[in-house]
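Listed next: structures, encoded as structure tokens.
Next, two complexes with chain A in common: one pairs it with chain B, the other with chain C.
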Partner chain A sequence: MPRELMSIENLSVIYKTDLETVRAVNGVSITLEKGKTLGIVGETGAGKTTLALSLMRLLPKATGRITEGRVILQDQDLYKLSEIEMKSIRGNLVSMIFQDPMTSLNPIMKVGDQIAESLILHNDEKLTKEQISARVEETLTLVGIPPFRKNDYPHQFSGGMKQRVVIAIALACKPQLLIADEPTTALDVTIQAQVLSMMADLKEALDTAMIMITHDIGIVAQICDYVAVMYAGEIIEYGTIQDIFDHSREHHPYTVGLFGSIPDLKHKTRRLSPIDGLMPDPTMLPRGCAFSPRCPKCEPLCKDQKPPDRDNNGHRIRCYFVGGAQ
Partner chain B sequence: MSTPLTGTLLETKGLKKYFKVPGGWLHAVDGVDFKIETGKTLGVVGESGCGKTTLGRIMLKLVEPTDGQIFFDGKDITKLSKREMKSYRSDMQIIFQDPYSSLNPRMTVVDLIAEPMWVRKIFKTRAETVAKAKEFMSIVGLAKRLETAYPHELDGGRRQRIGIARALCLNPRFIVCDEPVSALDVSIQAQILNLLMDLQEEMKLTYFFITHDLSVVKHISDHIAVMYLGKCVEYSPAEELYKNPVHPYTKALLKAIPIPDISNRLQKEHIIKGELTSPVNPKPGCRFVARCEVSRDDCTKGDIPLVEVSPGHFVSCLHIGE
Partner chain C sequence: MTRYVINRIFLLIPIALGVTFIVFTIMNLTPSDPGRIMLGEMADREAVSQLNRELGFYDPFFVRYFNYVAGAVRLDFGVSFRSGRPVFEEIFLRFPNTLNLAFLAVICAAAVGIPLGILSAVKQYSHIDTVSRIISMLFAAAPVFFLGMMGIYIFSLRLQWLPAFGASTWEHFILPVITLSIPSAASLLRLTRSTMLETINQDYIRTARAKGASERRVIFRHALKNALLPIITILGMNFGFLLGGAILIENVFSIPGLGQLLVNSIRLMDIPQVMASTLFLALLFTLIILVVDLMYSFIDPRIKAKYSKIK
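== the complex of A and B ==
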């Protein structure tokens, strides 16, 4: 039985202002299976968050536009739904966790009420007040917060605890898909480890699929099943975790650069080998391969035409010179 | 500079800083001693609120210590007045964490870099100052065309290069780097780390490198001090600390790093529980007691000294090896 939950087909997103057009996401196609975790890695401005927002149809109304592509979630085309239908999906079938737990909670609302809010909005099971209250306590216990704290306000929690509350809100309706946008970036390492291990446990328990957006390859290695590397709005490499972290295989030159930039904990290296230069301006992307201005393997062909995806048993690399069946 | 290029450049003894807060005294830094050798890097790691930034600021006397002494180049600078401190300012500089808020948005790149030299009246004419500023632009790798650019036109990595140039232009011997790469993406972070290490080699700089990133600190440091709630819990040569961590907190910290390697995925049994306890009016004894797996009654009896467990490797724990 196919376990496909979501498929993104050739998605492109722009931000259009009077002055310029920012090409934030350019032709992204990925599928996600039920209960699996997809990691999306890339640097600032690679289009990771825009991709996540466009899956939820939460792009800023004034500027953000989906120019191309579709998103199918459990046989529904999300872009064909009305706003009301979409509302019943958000927080219910698909939930999102944002980066900054300090600002994503309502400071003048008890955390228990904030968790109950999504349960009341999506009350398909016709739960009574008492049942909802019981569900809130259950959810708090799930994320490791003692239930008696449901009457506390966000400022009474530490950063790690606030992020647990945010996760509790996201998981209250037992969604099929959880989109986590840099959920642990604002946290200290020991707290990050606690939150990540809790998320991994919950995902297992609830059989929720997860899209984990991060800039930290370490986090990807720890909890993801599939990895998509994003650069300038494109997925330049995609594969299973084994494909991406197997250093004996061929990789996109950008992926190689990304790994070369991380100081190694196990071996002593005197110099890091970073990628020269910067990400291209998304208002003026190069005509050919987006990475060509920084690429050590760049040939005239790369500057002229977009390279195709070369596929090797599901390990896709968007480059003329690496990847593909061997 | 007449001083030799080896030996201790900066030393602290029993440094303390308490802040008055409602409900008592917040022990931000609570008795920290260490030495930094000329031309070396001391890395300080710890989580938010452990006092690492306060410590960096005390050493530059941007914050007055509550107690303890700071020796720079053998002289006690703890009691110097602001005016007397001025003669040391060009020797001791700082690079700030956030390149977005630490630069004046209304000054051009070349003016930003010229400003410290202008304030110190290094050169008589403006032309000379500007020429020197341009020289520093090329040293830190800023393109000539950016001379008249404003900070908002630049990305984080370039802004941080301005911050570095500003710190360097007075020819300092000691630089406090307060999380200089935390706001940057990994590929840019690597460029800046390489730059800082190259500059250290060329200009014989001594760094006090503050960070929460354990892989960055290992890469750049010669010695590392691990801090927890105002106390130094472990101090060791960098390699040794990663090979042979001794303090329970250091062990937990190292295990918590997400390593980009799939052969050992998240090991749940090693994750420490709980969170930082309050730094306001802390109980005597070890600060890590509430989260520690090997703690006993004697851990809270009194101050726990740093003990040398192997040459140059100091640990403050009563139950080493348990």
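== the complex of A and C ==
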């Protein structure tokens, strides 16, 4: 019995300015179970961060608009909530880790106070000051920072430590869902590994579901249960980690290309095989399949009409020619 | 920290030397006759040159400058040619008026400019924003003497609500303070708006929102405190400028302040008075900037850390 935590139904997001309309997310539907990790992979500009921000309702107010779709979190339609109700969810039920730890912390606030802030804002258990301070120390220990450093300021921490603090802020209220937007991109490889294994442990300990946004397929393989491949604001392939990483199965041509761009250590290859071309301009997406201009298997039909999702026991591929039950 | 303050105070010495040298040079390049000023037009030529000789006016330039500095070190800045009283007595007689004027004007400017700037930034591109931007642009560009004369015309001559000249009651200060604060308020509004906008787009503001902080909390706790540094700098500099730069307003409203004293002294070539007044203003300005710099370290722990490292 899957315990459903969040379902995103046909979500579309645009950025509208006087000059142009950017179609950042186009009809995304995914469900996420409690305690599971979903990886969202895709190139830069595929709409991953926009998707994450729209789940928190944190899109830039002046330009970002959710044009259709719903997000149901624990039987609540997030887009029907008032701003005050949404505030009590942010940081409490759902929290987010941002890409760049260097700039994600307030430079003039002690890190302990920044962690305590989310506890104070969502103080449903009526904790006293001492209890909050104890929780701050507990959370710091959890992410591997000595508690006595809570009175330090962000500039006194290294990049990896800062990202730990950012994670501590996100985990302070023990959220049901943690959205991590490229949490390790700004870190060097050794620290990346530390932070990732720490996140995996914490997820286990707190039974938190996680959406891991990344363009690093290695990270996905390491910690995700499900994978969604995003391209031009659409999810073009979705499945369990086994579905996606099993090369004997059929895959979306884009996914094939994505894996083709990774160096294979087992075989001696002279060159990588990247995908030709660039992602389509999100202000003028092709009428048919968004990948059709770059697709090696493209047929006239692809350019004309959007392909449907083909489902094979939960392994969904949005293509005319591959996937689906055999 | 203390060490830093002491270092900065020692820096006042070269500043004072520089200021006195420049002003002394300029004053000596313009023709003047102190004896004539002190004794009056009707005085005997012989008496005038006798007095000039006693004052050392016929000595070479560097000798005179050295004598001035030597006197200044003993806190003897000379007497005013015009009134015959010690120059600092003249300054302290008028300084309270100027201080009142500048202080009240800075308070007014901050009280109007900062809140409107925040409002303008938070409601970017709204009607409030557009209106306050246009008005602030107009007022930042309008010269103070024009605003002062308009104020006198409307509120003193036409409506007869406020006195136009002098500094005897608090009512005399209303018009000059408001006039003086308008351009600072306008520039402060524009600065607050732009720094707030810059701060609001920072990543840590998004982090604060993602924590579930209310918009009010995000603006005041997270954004404003970070945007405060440039605002305080400009506020301090405005205060310094107003202390010395109230010259126009003091003349428009006939307030016996430091600015007026300085202008009159220059007109009469009252060298000791000009020297002392400029020196006083320069040191005051430097001290205000020092206070501003020290306030930084209370706001921003990164700057505080830098000061401590000097030890």
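Definition applied: the second predicted complex is superposed on the first by the 324 of 326 C-alpha atoms of A that agree within 3 Å, B and C clash if a C-alpha of one lies under 4 Å from a C-alpha of the other, contacts with A are read in each partner's own complex, and residues count from 1 in each chain.
Just so we're on the same page, a contact is a pair of C-beta atoms (placed from the backbone, for glycine too) under 8 Å apart; a residue touches a chain by one contact, two chains touch by 3 or more.
Note that the coordinates shown come from a computational prediction; the quantities given were computed from them, not determined experimentally.
Taking chain A as the common reference for superposition, should the pair chain B and chain C be classed as clashing or as fitting?
fit
After the superposition on A, what does A:233 contact: first (chain B), second (chain C), both or neither?
Neither partner.
Is A:47 touching anything from chain B or chain C once the two structures are fitted on A? First, second, both or neither.
Touch status of A:47: no partner.
Kindly classify A:307 by the partners it touches after superposition: chain B alone (first), chain C alone (second), both, or neither?
Touch status of A:307: no partner.
Considering only the touch criterion stated at the top, classify A:96 as touching first (chain B), second (chain C), both, or neither.
A:96 sits against chain C, while chain B stays out of touch.
Give one of first, second, both or neither to describe whether A:107 is in contact with chain B, with chain C, with both, or with none.
Touch status of A:107: second partner only.
Which partner does A:269 reach: the first (chain B), the second (chain C), both, or neither?
Only chain B; A:269 stays clear of chain C.
Once chain A of both complexes is superposed, is A:223 in touch with chain B (first), chain C (second), both, or neither?
Only chain B is touched by A:223; chain C is not.
With both structures fitted on chain A, tell me whether chain B or chain C touches more of chain A's residues.
B
Which partner does A:58 reach: the first (chain B), the second (chain C), both, or neither?
In the superposed model, A:58 contacts chain C only, not chain B.
Quick check on the superposed model: minimum Cα to Cα separation from chain B to chain C, whole Å please.
9
Can you list the residues of chain A that meet both chain B and chain C?
In the superposed arrangement, which is not itself an observed complex, chain A uses no residue for both chain B and chain C.
Under the definition above, what is the set of chain A residues touching chain B in their complex?
My answer: residues 43-44, 158-161, 188-194, 196-197, 200, 215-223, 241-242, 245, 257-265, 268-276, 278.
Which residues of chain A touch chain C in their complex?
Residues 56, 58, 62, 87-92, 95-96, 98, 100, 103-109, 117-118, 121-122, 153, 155-156, 166, 169-170.
Give the list of chain C residues in touch with chain A in this complex.
Chain C reaches chain A through residues 124-125, 202-204, 206-214, 217, 222, 225-226, 299-302, 305.
Spell out the part of chain B that touches chain A in their complex, as residue ranges.
Interface residues on chain B, with respect to chain A: 47-48, 155-157, 185-191, 193-194, 197, 212, 214-216, 218-219, 239, 242, 252-253, 255-262, 265-266, 268, 271-273, 275-276.
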